[in-house]
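These are the structures, in structure tokens.
Two complexes come next, and they have one chain in common, subunit A, joined by subunit B in the first and subunit C in the second.
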Partner chain A sequence: MLAGGFLLPLLAGLGATLGAAAGYLPGRPLPETPSLQPLRSLLAEPGFLRAVGQTLGTGLASTVLALVLAASFCGLVHQRLPTRLAGRSLAPLLAAPHSALAIGLAFLLAPWGWIARWLSPWATGWEFPPDLPLVQDPLGIALVLGLLTKEVPFLLLVLLAALAQLPVQEDLQRARALGYSRAKAWVGVVLPRAYPLVRLPVLFVLAFSLSVVDMALVLGPTQPPTLAVAVTRWFLAPDPAFLGPAFAGAALQLAIVLAVMGGWLLGERAVAAMGRAWLARGSRGGAGDPWLAAAGLATTVVLLLGLLALVALGFWAFAERWPFPAAWPTEFSLARWTNLAGGWGEAFGNSLALGAATTAASLLLAMLWLEGEERGHLPRARWATVLVALPLLLPQVAFLYGLQVVLLRAGVGPGFLAVAWAQALFVLPYTLIVLSPPWKALDPRLLAVAASLGAGPNRRWLTVKLPLLLRPLLTAGAVGFAVSVALYLPTLFLGAGRVPTLTTEAVTLASGGDRRLVGLFALLQALLPLVAYLLALLLPRWIWRHRRALAGGSA
Partner chain B sequence: MRLLPTLLLLNALLLPPGTARAAGDTAAEPAPARPWEEVVAEARGQTVYWAAWAGDSRTNAFLRWVAGEVRERYGIRLEHWKLSDTGEAVARIAAEKAAGRDEDGSIDLLWVNGPNFLALKEADLLYGPFLGSLPHSRYLDRSPGSPAVTDFTVPTEGYESPWRLARLVLLYDRDRVPDPPANTDELLAWAREHPGRLTHPDPANFMGATFLKQALLEQVTDPAALAAPATPERFAEVTAPLWEWYDALRPHLWRQGRSFPADEFAQRQLLADGAVDFGLSFDPASAAAAVREGLLPESVRTLSFEGGMIGNFSFVAIPYNSGATAAARVVANFLLAPATQARAEDIRVLGSFSVLERDRLSAGERALFDALPSPPGLPTPEELGPVRPEPHPSWMTRLTRVWKERYTR
Partner chain C sequence: MNHAPPSTDPAPAATLPTEAGDNRAGLVLEAVALRLRPTGKILFPPLSLQIAPGTTTTLLGPSGCGKSSLLRWMGGHLEDDFAATGRVLVNGSDRTDWPAEKRRIGMLFQDAGLFPHLSVAGNLAFGLQPGVRGRRQRRRVVEEALASAGLEGFADRDPATLSGGQQARVALLRTLLAEPEALLLDEPFAALDPERRAQIRSFVFARIEERGIPTLLVTHDARDAPGPVRHLDQPGGPAGNARGGPHPPR
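Let's look at the complex of A and B:
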């Protein structure tokens, strides 16, 4: 049931997109045979090839770099830094929506940004912002950096979780005893065992980086933009003539993501083969450790940039005047914060309501799913894992607009409900991923004891299972809420622009003329999920303040 | 906030026409035949959906004020339907017509001009003529060719009512540019001397397209050609001097002309940072307003070229399928009231110049305008100089497309 409900909208959306790309455009007379017209109009768009090249370049570069950096950093800090501490210090970056981080990075890196201000004019001689493409550069370096600030913490977290399941200490000691450097032991012995455990998250990162829209709108190249951004623009264009290239581009985006993922899986084998050959040679020499240190330093820089970006948002949000090259605002003001009606009130309310609604629905569905698996004694099928992950593996532009067309045909207009439903497609997978391990790890003897004491299934559920799982439930809820707040394209497409949220407003304003207002929206956007995380951390402590084992320590 | 026009279009095509409001009021009636009091009486209780570009917070605030006033005075509920591009509304009305939704359409009043007006008028999608039925139209100069009844060279024939004056100005910081250029040739010379200090919004945005049109008007050898629709052959011939000028200018632009600010507001931010030395606006009061809001330094002034700058009237039109034409006309008439126009001209409110003829106002009405404050940065009408009429709408459409083909690799 659940699986069907999940699969259907995706397939319908994809089908509508592919159909339209083949010439069956919605709202037009149907051609008798498939037409190449949409594809031709796509190829004729100025800058089309460059857009595809930028998509491939930024997507691959950011994924490979994120993986290398996260893996190296793990090698450096593993068992030197408590996992829990690492997890918590990464929380602001993990919680912050992509668009908020992107806006913050622009505030940091742009020619008028914070870093240029700190160095000007004493070191640079710049009285005015220099005419340099430091963000929205044609090569997409700023976009790659932006993706790294988000993906490196994510991969660090999943890697640390994977390493916790492996006998890393023993492996490392054996390798060191055989004379390998820490770096080589790490790369040759530990990572090959950890990688299969994080393959799916890595594929998420790859698919996401290839098709990201909100971050690319703020940091990515503009003339032309990446393919996903160009497709979004065509879908948004007032002239319906752009629907042809938009649908063809969406189909192409899907093909690109699938092809690159296939290539990635082949690449894994090639790397594995080369790695085996390298290991078989058994060479102990070579200085791996400095490389590890360099990668660790680069990771630190990326993480610091991300955190500073969030701080920069805070300064702009409260600034009144901040002329270049002043390092700090010359005047502060609360004027925009107090203007609720003409400003952020509606967007804040929508973000909150959507987050609450989708999180509650997703938690409920996730619990039903897990409970169903458990009562039916069913192991999680591989297809189910992939199915749940599907919305995270497919590019959003490839099915969301098509989905909207299908919904309209079914008589469901754009609005709050459509947005909430589309968001749930992305929130549910995350809640399920977070909730599954603790659910399965629950000691069945506790329930058996309750049953032997005469508690029926419902009572067992309410008085034993729910309290025991309160902390993971809240954590899954916080993750789901953070995902909902951050979603850009589902909100934009399914709401037809009439359900403004902090995220859609922040991205729209980011290209405009008032950084103070952009800062306010982006800061609120970054704070909302963080508050949810904090609640998930603190609520169990307060509720179970007399039950230390339940209050739990680890985040 | 962006709307999704094509989505809304699909919405109109795929959903049955709404029947929420009582249909069939005055749409077929010749407007001037009825006394105005009857129109006002009928308007009471109606809801007007005003589709209007929402990119400017001051304009949005002004629309909120208008909504409060017409509710109080006429019992009309006015809702601002926020657009990021007026083309969205045009697509929507066209889609409603295609879907046979000829009554009770979703838009009752539309802020429109130029190519969008022409598209609506040619497709017969407008209600009217109605301008003559508005009592306050007596304050307008309605002689043929007057800007109040001409939209981008197209006679409005009573299908549009003006409500604010838009004219292009450049913004510059007089501390950084003490001797600003007086025309586009001097602008080119200035850019050569100051590489990287000039830019313009992306021509996909109307402000970027307007910059190109201003240059076209100055560079073209035969300005009269621009009054007629652009054909492919005429276009290539007439615009040749423009592209020559632009090819010379582009390497000296900010980012070597490879990247452009998205709109006038993004460019204003660059001006505020000092990253570039010029901004653009359709609102002569925008510099003074932005200074007040802390968005620009106090040394920013407005600049008009010596031969005059492009100007046009902003209009409101009523879609043919509006279910609230009486209330829409009452709102249009309210916008033309001297007190409304004086409020719009107030720099603290909107700062857009009045569309009314001064000599048609009574002494008391003129006093409303004379009492308005005039802070530094606000140009006088003399400083603004003459208004250059817009070319025929087809030139703008083609300019934008050809620019993209020439300069996006």
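Let's look at the complex of A and C:
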């Protein structure tokens, strides 16, 4: 039943999209036969091929770079930096929504941005912001950089978790005893074992990078934009003539993501085969360590840029006057913060309410799912894992607008409930992924002891299981909340503009709005999930402050 | 339970029926066999046992012979990768198909298994029967139990701060407060250092004897055994050879 509730909206949305792409457009007389009209109109759009090229270029470049940087950085710091410390310092970047980071990066990199201000006028001679495409550049470099600031920390997190399950130290020692450099041992021995454990998250990153909308709206190329952005614009265009190319573009986006994923999986094999041949040659030459160091440096730069971007948000959010090329605001103000009714109050309330509702519902469903697996003694089937992850593996534009159309036909109008439901499609997978390992790691003997003391299933659940799983439950809740706050397209499409959140407002304002107001929205957007993370970290510590066995451990 | 009059001579009280019958007091196993589910491999030959109230029978066997699985099955905790045949009876009632929480079969493991989120008193109160009513009354019973084990003032301690021997005593107290009708011990002394071991061992068996609880102990160490010993890797003999022992029922 859970699977049905999950699969149905996805299939309905995909079906509506593909149908519309084949000419069965909503609200039009149905054609007798499938029509190529939407596809033709898509091909006739100016800059269509470039848009597809940019989609492929930015998506692939950011995924490959993120993986290379994260893997090298792990190799550089593994067991030299405490994992817990690394995890904590990544938290602000992990918690921050994509769009908040994108806005912060724009504040940093734009011709009027922080970096230009630091260098002006003494180094650059600029008295006014120059007319340079430093963000929204036609090659999509700013977009790739933006994706890196978000995906490198994510991949670092999953890689560190995977490495913790492997005998890394022993493998490295063995390989180095055979005369291989640390870099070569890392690439040749450790990574091949770690990669299968992170394959699914890497595919998330790939699918997301190929179809990202919010970040691309802020940082991506504009003439033309990437395919996903173009499709979103067409969907939202008041002229229904754009629905044809929109649906055809959404179907094409789906085809692109599926094809690239297939290619990626084939590429994995090719890389593995080449790697085996490389290892079989047994060459010890070429230390490789400088390469590792260079990649580590690049990662550090990316992470620092991300953190600086968040700081830039903070300055703009409180700035009143900040003329170019002053490095710091010349005047600060709280006026926009106190103007709650006319400003950010409604969006903040919606973000909070949506986050709370979807997180609570997803936690409940995830617990039911895990409990069902456990009581039924069912091993997690592979298809179930993929099914739950499906919303994260498919491009959002490919099914969300179709889903809205299906819902409308079923009499469910856009609004809070529709948005919450659509968001839960993305929140549930994350809560389930975070909650599963600690749930399965719970010592079954404690539950057996409780049963032998006369505690029935309900009492065992309430008084033993829930308290012992408090920390992972809160962590999963914080992750789910962060996902909900960050979601852009589900909120936009299913809310039809009637459910403004911090994210939708920030992205809308980012195109030409008051930077100080944009900064305020984006800062709130970044802070809300961070507060959830902090609560998930500190609450168990405080609650278990007298319980040594539970107070430690990292969330 | 056993209503034999107090006697200085253990022999009469230890007389027990040798033939099968559902009115038998104590813990009874009838032709119990465990199979590994995927392969169908039988872990040990069908086992029959009768343990009189207040006595302890020891099952001896190397690790991996299925003795821990047997205990988990008796307690109602066996995982799905085993299939079992046979019956387990407590004081004449067949509890083979009862849910674990209804069986009143207590278990003690090698590690104490104290709930890490509850205080020592919380752990004991978890075990204490709900029949003891009122917050104060329950607290009093818990404190008395602690005092009886030389653990005065430990009520509000975090179990993680207790020594291994203290944890073992708290675990036993918790099990006893649940008023089990039978007790299963799975190498409960293995994790303790030698001096503690003797002390905890006599503490545990004194309580078992005093409460008249039939007890099954599994171990790979013959020195743990206080009474009759069965070797699990041997073919099962007649049930009668596991009865009586140096600890007579009251």
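The rule is short, and it goes like this: the second predicted complex is superposed on the first by the 555 of 555 C-alpha atoms of A that agree within 3 Å, B and C clash if a C-alpha of one lies under 4 Å from a C-alpha of the other, contacts with A are read in each partner's own complex, and residues count from 1 in each chain.
The definition used in the following text is that a contact is a pair of C-beta atoms (placed from the backbone, for glycine too) under 8 Å apart; a residue touches a chain by one contact, two chains touch by 3 or more.
Keep in mind it's a predicted model, so treat the numbers as computed, not measured.
Visitor: Could you look at A:Thr463 and tell me whether it touches subunit B, subunit C, both or neither (first, second, both, neither)?
Guide: Touch status of A:Thr463: second partner only.
Visitor: Looking at the overlay, does A:Ala161 come into contact with subunit B only (first), subunit C only (second), both, or neither?
Guide: neither
Visitor: Counting touched residues of subunit A, say whether subunit B or subunit C comes out ahead.
Guide: More residues of subunit A are touched by B.
Visitor: One more residue to check, A:Gln136. First (subunit B), second (subunit C), both or neither?
Guide: Touch partner of A:Gln136: subunit B, not subunit C.
Visitor: Once the structures are superposed on A, label A:Leu197 by its partner contacts, choosing first (subunit B), second (subunit C), both or neither.
Guide: Touch partners of A:Leu197: none, neither subunit B nor subunit C.
Visitor: With both complexes superposed on chain A, which partner does A:Val311 reach: first (subunit B), second (subunit C), both or neither?
Guide: neither
Visitor: Under the stated touch criterion, which partner chain does A:Val68 make contact with: subunit B (first), subunit C (second), both, or neither?
Guide: neither
Visitor: Regarding the shared-chain residue A:Phe235, is it in contact with subunit B (first), subunit C (second), both, or neither?
Guide: In the superposition, A:Phe235 contacts subunit B only.
Visitor: If you stack the two complexes on chain A, which partner ends up touching A:Val449: first (subunit B), second (subunit C), both, or neither?
Guide: second
Visitor: State the interface residues of subunit A toward subunit B in the complex, per the touch definition above.
Guide: Residue list for subunit A touching subunit B: 26-27, 46-47, 50, 111-112, 127-129, 131, 133, 136, 138, 222-224, 235-240, 242-243, 320-321, 323-324, 331, 333, 342, 401, 404-405, 408-409, 411, 413-414, 492-493, 496-498, 500, 504-505, 508, 511-515.
Visitor: Hey, which residues of subunit A end up touching subunit C in the complex?
Guide: Interface residues on the subunit A side: 377, 443-446, 448-457, 460, 463-464, 467-468, 470, 544, 546-550.
Visitor: Which subunit C residues qualify as touching subunit A in the complex?
Guide: 72, 75-77, 79-80, 99-107, 109, 113, 115-117, 119, 126-127, 129, 158-161, 174-175, 178, 180
Visitor: List the residues on subunit B that touch subunit A in their complex, please.
Guide: Spelled out, the residues of subunit B in touch with subunit A are 1-11, 13-15, 55, 57, 60-61, 64, 84-88, 90-91, 95, 195-197, 254-255, 258-260, 262-270, 272-275, 294-295, 297, 404-405, 407-409.
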